[in-house]
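The structure under discussion appears below in the form of structure tokens.
Labels run A, B, C, D and E following the written order; every chain starts at residue 1.
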């Protein structure tokens, strides 16, 4: 009786896994089909005539290495920025008492609730005034801080016992060192997991970079995808899927490496 | 560039904005620009691709204007003709010819009156030079048609298409027709025009006439009786390419995509008309406009533009995109003629070009006007009354034209 | 021992964040607020002051009314798909199965690695009502797939499913970890007392996990409405006849397609106010603990 | 009152976590209405045993019988067993009253009877005025009482308590202990009570089971545990300061410590080999002068006056230490004194098996 | 070794948290090299006091002087004070060795001297083989030793310890206590040691300061704290089982308990009114037969045999309870016996002020 019930739940979970993985398999398999085959044999998850043609063509049409490098640089900048500002801000909140703290904290948190459409135009103007159009720095700059990071780090830091900081104070360790030698290492799991999430999200970012990056040489991978989705000329699905597959490689590697951290401390680190 | 004046002043850098994705002639643009740069040591052109077609380009231009960093030469979709003219600073081709050539010869020899009329704003001013031309055509799945014994020449009229669709639908359950549904009503305007309707008359919207209503009623009925598929553009074309729809009324620019992806015998025929009327379609594509502000830049842009209209450049462009070449010379060049022979699907478009009219573009709040027509189309296809819907849309547009 | 510049140090730490937020968030919001009182097309040299007209339009224009209604529908769907559903599954995984938890966690999360553009593209193919794999399979069973892009409500459903594909794993992990911090002995205590599991979940577990629950709920709404932007843009562009548009997309449409910055700004501000109300709820229930830092 | 009390029987229970065997072949019988204390050092398997009785943990092998019925086959309506968890495990979102009420409500005890039962328990535990508070608004001691109350209110046949007083300070603890004892007297439930505090064990248990490393070392009434521990472990674990253990040799009917004879063994029937002598600190007889020829001379290294008693750290000539406890101390640090060991108050262990040899009297 | 030891002086210290006054006008002087124990119930302000000495908490008013210098004006190079925190506060990302090394490194102690100091401490505390482990890989007892070691390695003049043994079980605790005492003997630092465990306090302190509600109730050597508590609080707080307190009336030079005279008071110079008598359980003299005319008849309600001693719960005729502790018990539950209170082992308190009246001898 008990055993039977268990199996039923597993069945449901299995269905969910199929639902989430099928589109991915579909994507990968079509990236190995020709355009004609992809229309003709859509249901075959294993291509009848597997071909590398799409990947080769991609490599010819766009500068894959350059795109990847741009995306990587942009995502790295955003990630490092968000982590640093997040850590510093959280540390200030965690360790000091000052007037208006709650208010400032609330203002910071409320930024999560700003719809991106509200700031899109003004930010575009600022970036262009700073002469940063077509520059990944221009994409990264407005995103260097993030309230989610602040919240998560603050909540993790709140779990560091006061006495730990006090112990260092007794020993007259300078603040800067307390931060880098004690607080940051303790937060490592959340830094890694939050950092990985930041990186992956930034890696996949689409709307904002579209506004800032016009020059093909400054494109990130998701923007290059637009080359293959065109209403007028028709979408070249296999090519787009090949690019999508390439696009997910790095996030997948990061995920596999830091999987333990990511799965255990997305919220373990706080958010409660 | 203050440091090395000598070499810097010798080479003019200009930027060219276009909408051509890799699937739609992006490579041809790159190719042309490279050729130009190789042959012109004192001008360096950088091409910038703008995603999301003419709308996307217009957005970018908007932001660029707001930030003061405009391109020097840019493609402008026909639908944005008036909007562009009234909101952006540009140099007319006429002025450029006068200023840099001293005469109008280039324009006169290359373009027909009809072609030039596409690029004029509501006041009759030439805004840019026509660059890509397209017309809607009817793509057909010959396999399906022959399976159900349908003759191609019965498809010259919309009435014939309806009958054919019925046959196909009754026997196979498949859809007979798909009419493109992008973020404009270009194809729908073609149907109305081919039913003797006007889209505008004397600067005012006039499509809610009996003829206009009749054309839309036809369209609505096709959809409600499941003879025609009603779905976004990309999905509709996918269904055609997969053989689930027998005919597709869409732009000639889809040619190469259809050719590459369809595994059936695909072909194209001229845009149909209603019985008792003749085929009239709005022209598609874009013009090139000079947006450079500095006179040196304008000069370089003009030079680049003229080079792009050279016959072989125009044919390269045409081959890469599926558009028709804009100049008389190119259209009649043997290179293009050979190309059409290899790709017979282009033929009907070339023929239709003679029946093409400018794409209606309202002088005031043109974008909102287009949106009103899109909204009307969507409403009608979801089943609302044709006459009153078109009437409302027409009133709305006209209210804004005052 | 006592640091002389103690008083300024925290502000020094806050400075980078503060500058970034002011330049890229506070000022833009104020600017948008300012724009919401004008009629402007982004490039015309003059802006015409129109007072509250734009706001009036937001609430009286039938299209905007429809969009506001859609937004509510989106919220309901997003909450069900991206909150209730992952919550249910995380309860199942936490309390009703003992094996394979790790495997499920790892696999569920994978779609979060993908861009929504990719997701939207793949799903338009898979869910093509006439020619997609799903339609073919259904056809084999004699079922005709509804032409979802013709119906606002179906389009919204499909779009929500697409974001669900991406967000499910992430929310699942968040909620699961929240459940993980509930002391095991409470569950044991209930077991000894013979209390049925679902009853315990309803009476004890859910109330205990309320903090993270509300956080995820609000995130689901606020981020969800922005997430669906991409699939809307790629698949329906808001259609049919604004049937799948929401306030965020409509803001974008007004700004960058119709160039009605005034209406767009007013919509953005109204959206923001709605979000602020949600924020207020979040503060009441989730940030309550932070109050002792005041 | 519980309808009737139940016996608990563990038969050859083993428990493995992954590859670690925590408990190996444990047998235990608890009589109906008995108060059994499970005592042992941290990590010895006490909680695990209790959890197996409660059915929260499945044994790897063996059987758990409740009233001679297999635990796993029993249909538990939640009335048979009540359990108090080491760390309270109160429902944090429910008030004290609701915590006590919850299980009763779920099992559809009529409202009237419910409130009667609860009021009763609240009164007994002195919790009436806290009944509307949430657990987070209670002090540790109050929480603990609520946890016990939640167990009490069920009037179950079996009541399991896992170190229910471990988080409470000495003064409060004494009181709580008294209350639990009173409870047992009135309700006569079968109680298994886990602790690592020997004083608690001695004060409460009808019998004490001393566990170590998953094995029950001894199970008996408290006096015997203290006075007649079966082996070295039990002897050392019970009693503070710890029992003194010295190694001696049996030579010529005398027990000899480093060459010095310390005890006569004429009447005993023992082999001549090495033994351990165990003597509790309070049984060392200390005096300024040599009492018998067998008295040992030692030096006082340290004296701690705990008020009620005085503890001395003594060092023998060979450097080994002994601890002695006296009520009043007339000695000074560094003074040399004499200690005498008597056979009646000493224990004899086999160094190899560590078993108590009972001076050869019983085996 | 510390270069020289330092005195600590608190002058009229008060501490408020928001509106709650935790400490109000506290004065305390700790001699150079002294081992002072701060003892008091949970929440009485012990940690707060310690933290103010360490400079981690600012007093609301009053002065903290270290070697007669104002604490806040002192330039601390991190060498004056070391502190051990109740919850270890080990840097979780550093190994044992690194934990000990960190402060020295930051303060640029030369590598050679550093390693010498650390090796030394590691050896003293028996931690050598754990030196490369992270705190998470240590048991509670080992962590505690590292925490103490981190304080020791600094060789500071002042060493503050906040309940450093509170998380350790009885056996280990006894050992750790011995080690700390040895340390004090060799290093002679000025030590302030916080605990709520009275046995620990008695075992370790040169003097004990008993605190309650932010006020030092008594500060004296351990014997006096136990035998001559200044007030009822101290008397009750020290000693387990708790001291017996009975209310008596002075009538005709006799102390009378519920009409029964229990003690003669001829020689004393006391008013005729009500008093409290305090007598520790071990000082009640119990016997089967009436010893003097002043002996009280009581019934034994309960006997708990703790092995080393036996505790009896006695009930008087009026229902009041007394606790008695005897070494060996020849009595039985429900038996009636006699107890005798002697003036020399009893304390006299004023019921109003709760002060010890010392039988009128000192005031």
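Keep in mind that, in the parts below, contacts are C-beta pairs under 8 Å (C-beta built on N, C-alpha and C of every residue); 3 or more make two chains touch, one makes a residue touch a chain.
Nothing here was measured: the structure is a model prediction, and the numbers come from that model.
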item	value
Distance in touch steps, counted as few as possible, from chain B out to chain E	2
Chains most often in contact, by C-beta pairs	A-C
Chain located farthest away, centre of chain E as origin (C-alpha)	B
Distance between chain centroids, defined by C-alpha means - chain B, chain C (Å)	37
Inter-chain centre distance, chain C versus chain E - centres from mean C-alpha coordinates, in Å	58
Approximate Å spacing (C-alpha centroids) for the pair chain A, chain C	16
Multi-partner residues of chain D (at least 2 other chains)	none
For chain B, residues that touch 2 or more chains besides their own	63, 66, 234, 238, 242
Numbers and ranges of chain A residues touching at least 2 other chains	42, 121, 169, 172, 229, 235
Contact set on chain A toward chain E in their complex	161, 163-164, 166-174, 177, 181-182, 185-186, 188
Chain C-facing residues of chain B, complex	55, 59, 62-63, 65-66, 87-88, 175, 183, 229-232, 234-235, 238-239, 242, 244-245, 367-368, 371, 375, 378-379, 381-382
Residues of chain C defined as touching chain D within the complex	183, 185-186, 188-189, 191-196, 199, 203-204, 207-208
Residues of chain D touching chain C in the complex	51, 54-56, 76-79, 81-83, 85-87, 89-94, 102-103, 106-107, 150, 154
Contacting residues of chain B [partner chain A, same complex]	17, 19-27, 46, 48-53, 60, 63-64, 66-69, 182, 233-234, 237-238, 241-242, 251, 253-254, 256-258, 260-263, 321-322
